[in-house]
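You will see subunit A twice below: alongside subunit B first, and alongside subunit C after that.
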Partner chain A sequence: MKRKLILLSLFLIALLFVSGCWNRRELNDLAITVGMGIDKSGENYRVSTQVVIPSQVAGKKGGIQTPVTMYKETGESLLEAIRKMTTASPRKIYASHLRVLVLGESLAREGIGDALDLLSRDQELRTDFFIVIAKKTTAEKTLKILTQLEKIPSVNMFASLETSEKSWAPTTTITLDQLIAELLSEGKHPVLTGIQVIGSQEIGETSENLDQIDPSAKVKYSGLAVFKKDKLIGWLNEEESKAYTYINDEIKSTVGVITCPEGGKLSLEMMHSKTTVKGSVTGNQPTINIGIRAQMNIAEVQCSVDLTKTETIAELEKLSNQKLEGFIEASIKKVQRKYKVDIFGFGDIIHRTHPKAWKKLKKDWDQNFTKMPVTVKVDSRIRHLGAVSSSLLKDMEKKE
Partner chain B sequence: MNNKQSSQPLQQNKQSSDPHNSALHSSLQDNIQQVKKMLGNSSDIIIREIEIGSTELIRAGIFYTDGLTDTPSIQNFIKESLLCDIHANLDQSISSEQNVLGLLKNRFLGVGEIQDVTDINSLLSSLLSGDVVLLLDGCTQGFAIGMRGGKDRGVMESTTESVIRGPKEGFTENMRTNAALIRRKIKDSRLWMETKSIGRVTHTDVAVMYIKGIVNDKILEEVHTRLDRIDIDGILESGYIEELIQDETYTPFPTVYYSERPDVIAAELLEGKVAIIVDGTPNVLIVPALFISFTHAAEDYYQRADISSLIRIIRYISMFVALLAPSLYIAVTTFHQEMLPTQLLIGLAAQREGVPFPAFIEALMMEVAFEVLREASLRMPKAIAQAISIVGTLVIGTAAVEAGVVSAVMVIVVSITAISSFVLPAFPMSMSFRMLRFPMMGLAASFGLFGIILGVIALVLHLCSLRSFGVPYMSPLAPFIKADNKDTIIRVPWWGMFSRPRLINQKNIVREQNNAPSPEAPQNNSGG
Partner chain C sequence: MLDNRKISPRQYYIMVSLYIIGSAILVIPATLAIEAKQDAWIAEIIAVAVGLLILPFYIQLGNRFAPMTFVQYTEKVLGKWPGKIFSLLFIAGFPFLSASLTLRNVGDFMTTQVLPETPIEAIHIFFLCVVILGIRYGLEPVARTAELLFPFVILSFLLLVILIAPQIEFKNILPVMENGMKPVLRAAIPHIAFPFLEPIILILLFPYINRSQESGKALFTGMVIAGVVMIVITVLAVLVLGINTGRLAYPSYILGRKINIGHFLQRIEIMMALIWMITNFIRLTLLFYISAMSIAQTFKVKDFRFLTFPLAIIIFILSIETIPNSVYLQELVKIWPWYALTFALGFPLLLLGVAVLRKK
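After this line comes the complex of A and B, so read on.
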């Protein structure tokens, strides 16, 4: 018994050493990649990775060098390019903490499907990073711009997209699994947020960019990219992007500006919005009814209206309804006419509500989409007037 | 030294005990010679010859060990009982030796504890335990008079189990004092005590204490069997007994509980456990021991129930921290970096830049350094303790990090682990956890979280397989006994704990009346 125990424990101890510590990697053996850019270079992929230099970000010394470094390599496949990077990098690229994946516009126009395979297949990647499109530039260039408030540019991009989605609306956060789901869906084409480099690319790449109060170069989100399956076919402007987020019920908070009855502007802060999209099929004609219930506060008054009267509020609500309905309908019309792809997911709604009709409709759904009547009904409610009741302008008039 | 001295008399004792095993000589001189011979003429054995009676003198010998007896009372006793009063009365009745002895015992010896001594061995054992032995010339019988005394440490505040609220007294090295301390808590006729002498050379008094009617008789019997089985030359500390009677030797966990506090022992006795008091040890053993007892502090029962429960939960958390913190750190930083938030990962990576060792070696170094420091501060003379601890903190805390040998986070992890391990109220259990930390670190370094989970599973299996005097070690958690869980992870208020642990005492379970008074506002009494 005792001998057996001793033997067993000897084996166990030996096991500890023969295991070779299979996946063991020390923290200082990792090239922590927070941003990855994919561009097309001829037939090959050009992959650029933004790797954090930890001591520059969190170390005691910090701040002498740039906080990140970049490795880029061209290869027939993504993995080939990434592995090739070790010829320049002392550490293996470690992509679990990827925050942003930037796809170059030229790659996006040719199709992003192939590029996504590795990213979804590899077990090292988490699927919680955001995917954006470098608008009018390459992914590599976008990743090269140094940022100030968040030292790591990719983290900056990640946080900026997250906050702008929450409080401004015309951007949308899409993670890898969502994108793949949309690519596979028959009733919806994907949409990705675009990112632009504003200002001087040359200065933006050097630490000179960090020494200025108003940096020479910035990265900025602007508009949504419209895809037909996995190919980029065009861009939505800010208002259309906002309409997209309204229809997809992704509005958390935003600002709407309306014109007062007697001229002047009035800003409404969206506090809460709920969109319900209903589909119906009569004969072979699908229709979509969009209902939006919005609760808002009066945020800014630059005209003379008497906010103490309920009639005024009712009128403002009506104006807000018209405004919202107007631009949402216009945006849908534009997409129907210009891009002819269903980015709003109306097909999915018909699929869900009328599965039988969908079987016939899905064959040429995009065709059906362009001809489909869509009605928008907005029900705005103004809840709060803010800390003052009437505007300063009105008070001044009274005094005179 | 001590052992050498005491082993000589033993051999003499053995050699001489065969021919002289039996009765005392009738001649006092012979007896004195015999005792002197057997004790190697040791200078601390005082033999005083006196004569008692006035007309017919009887020679009497008084034997005692200097230092073990209460010297003033011996002097009093000789002066008052033997030299003065006796004279007048004794003469009349001296006819036979029986008479003298009876008379002395019944009328003249003004002391409480008297035992008859008839053979030389019991004479010696009484003498060496601190009794005064009185022999008369011409009698083959004498008395052992209980006058134990001598220098004692006295009851002092418990140093190893301190509390904020609750009694401060702690046990001493004297078994009698210890028993008295317990009896002061439980003044009941059912508190019984049985004394044994264990150790062929040391003849250490070992007392088994229990409350008759509450104790589980099977467990009591088992305790007696195991104690009687002990055959060893010396018992110098209760640890000897613990190791000789515990159920399982090859386990990191203690299966015998001990405490320095009379209130803790009293509480355990009330739960039906058996206390073993060993003379010369301020730590009283308690069996059966449950895992859960080691995580409970005396104060838990004196503080309000809600506070105690919260503190217990904190204690359990720190138990896991003490066991797993370094291994979790190793596993997460070397296998599962994706589990960390990005900012934290970058922060950790920045600290590890330039550290030449893998995290496992780093952790091992720091843990060993800490254990060395702990052991050193325990062993070294108290006067230089402070100097060493300053050096230790500076070297380990600051210099090692600045020199880039270890990362700062590792110092934090090791410190948290160390502090957490001291949260456990029972020292033996915190030792177990400290020891188990090292294999856990090894598992974490080779298999990551998978290894840690395997280790924990193995540990739980092992814990569940343990028994202490027949009682499952993990009870009442495994097997789960609902009623007993009122006092495990949390503690319900006293009015909610009606019952004693089910598995320990099967007969007498009710601790309180069933309709225990849950505190309610008095209904009739308005105002006042």
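After this line comes the complex of A and C, so read on.
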């Protein structure tokens, strides 16, 4: 009995010292990194991290200070640069809450493959952050711009990309695992959304930017970057970017403007869209058929059409079909001619559906891609007219 | 005393299924996908099917031993000293080595994914402590623990399946059998060896089951449950992770990591780790128990418990020293089928052959 008691008390005392875990890291020991930028400087990497200042974002008090701070270092490898940051930062960089990874355009042109290895190997990083390319600037500069609605710039970038993908379309959210899957795939080259700094970089970096209703500097997504394997080779404009998201069935909602039969514009709001891409191979010739079923509402009418007649609706649907087919086909042609890389994943589709033919085709797939016939068939359906039926212009005409 | 309390067939099948799920669930999708790519799921189905097909052989064998223990049986068939040497070789070569490899799996996983700065030795020691505690209580308390934890494992597993389902992309499974049957079979073979040849170890527990006529059925049930769990996890890994599966060290864990329901229900991958800790605990405990028990019987030791500490030290050292780094484990996968076959087929066939010749 006595022995048991002594043992028990010994264990209880031991408990005091073994509580918690070995690897524990308290919140106030972490530099929570929400944004990371990677640039090339010579042979080395230049890494910049956007770290949250907890006291500035907590509660309502909204500070005089900026909500984030930045650490940057140069190193032969990413990890070297990141660890070097401790020479300036009182806390160790903690990347589990990373929201955006910005890659500088010049790095992207040289190839992003090397930079991605650490990010997928390190267990601290999750794969749910978005990867974007700093267009015509460096990643570091992009991460320095202060934003208003979301105090933390990286969170602002994350949310803005997510929202614009959902309701505007020419942007695409790519996470690390998607990007790696695309790099590994033989039948698709990756695409990443570009981000640009608009306005004055100098003011954007100071809190002066936050004191203005119309900030002097903003970060803004614009267009998709085309990659050949891991090297950036060019940019798609807005319309081509939209075509890309149509083909990849990533459209959640967007706006399409068509010209009315008698002139004037009419906007259609995409409510639901479903793209099916089918591949077929005859002989050695692959072909791709793209079918898009789109449900849309009439959102804005700036011409005098009689919306009360079913014929008008049918005609508008036809116009919408032509418009969509037109720009999607044109965009594919441009990619085939100008960039000569299969960013749409047509090769992937042939691979999955015609594995035998793919074996012969895959050797010079990009060559095959440039010569491949692609047909686009759109089936638009107009469902609702909005809160009013006839157009304002039409009603005004009647009064006269 | 040699632990006389017996376990029920139900407890046995629960332990069998946890044992087989064991360390395989986290790594198998990757090892299969390296060879078979998107056909990993076919390889998994083949492995499970083959595992179940060869099971009757082991059940027969187990029933042949019972009610004698493995050690007693070999001594009866081969004679006293050859029998002792035979059982020691078998125990040291298969269950005991598997125990140290299992422990290493736990350590490797924890240090790569969860606690990167913790020394692997610390994890091994703590894990072993729990295992020793269980073994010293005896088989029946361990079986009851397994019974308690089993619903938790199954529920968390179902939860994982449901929560990850929205991220399934069916196109990931195409093209089916792109390169024919060969890579699929090449992937399936090591997986048959690990863990579907291991019922040879599990039948050593037959003498401890209280309704011995049901032992075979219980072993079969346990294997079926484990097989279904493994098929589901492999299919999920292929459907969700696609081409990435083969690149990852622990694809099932990454599945858990990818769960994200409305930016709200996320970061619950540690649930997957918990399932794995439980299944591995049962696996290691059984391997350790069988080894300790059989060694005790060979040397006619009254109480097997005093063996637990020295054996634990050997397991600990083996787990650190046999595998200098995790690449070794991947190399091991290539030779393991032949190694496992020696013990899972060679040894029992030898034993049976002698038994038939000597009519015992």
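What we mean here is this: the second predicted complex is superposed on the first by the 376 of 400 C-alpha atoms of A that agree within 3 Å, B and C clash if a C-alpha of one lies under 4 Å from a C-alpha of the other, contacts with A are read in each partner's own complex, and residues count from 1 in each chain.
One rule holds in what follows: a contact is a pair of C-beta atoms (placed from the backbone, for glycine too) under 8 Å apart; a residue touches a chain by one contact, two chains touch by 3 or more.
None of these values were measured; they are calculated from a predicted model.
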| Given the touch rule stated above, what does A:155 touch, subunit B (first), subunit C (second), both, or neither? | first
| task | Have a look at where A:191 lands relative to subunit B and subunit C in the superposition and call it first, second, both or neither. | result | neither
| query | After lining up the shared chain so the two structures overlap, which partner does A:307 touch, if you call subunit B first and subunit C second: first, second, both or neither? | reply | neither
| request: Identify the partner contact of A:85: answer first if only subunit B is touched, second if only subunit C is, both if each is, neither if none is. | output: neither
| said: Tell me the contact category for A:353 with respect to subunit B and subunit C: first, second, both or neither. | reply: second
| message | So in the superposed three-chain picture, is A:32 touching just subunit B, just subunit C, both, or none of them (first/second/both/neither)? | response | first
| If you count the residues of subunit A that each partner touches, which comes out higher, subunit B or subunit C? | B
| said: Under the stated touch criterion, which partner chain does A:97 make contact with: subunit B (first), subunit C (second), both, or neither? | reply: first
| query | Which holds for A:55: it touches subunit B only (first), subunit C only (second), both, or neither? | reply | first
| query | Where does A:127 make contact in the superposed view: on subunit B (first), on subunit C (second), on both, or on neither? | reply | second
| field | subunit B/subunit C common contact set on subunit A | value | 21, 23, 124, 126
| task | Sort out for me which residues of subunit B touch subunit A in the complex. | result | 333-335, 337-338, 342-343, 345-355, 358-359, 442-443, 445-448
| query | Can you list the residues on subunit C that touch subunit A in the complex? | reply | 112-119, 122, 171, 174-175, 178, 241-244, 247, 254, 257-258, 260, 266-267
| said: Quick check on the complex: what are the subunit A residues that touch subunit C? | reply: 21-23, 120, 123-124, 126-128, 177, 180-181, 184-185, 351-355, 358
| note | As the complex stands, subunit A meets subunit B at residues 16, 19, 21, 23-28, 30, 32, 34, 52, 54-55, 57-59, 94, 96-97, 99, 124, 126, 152, 155
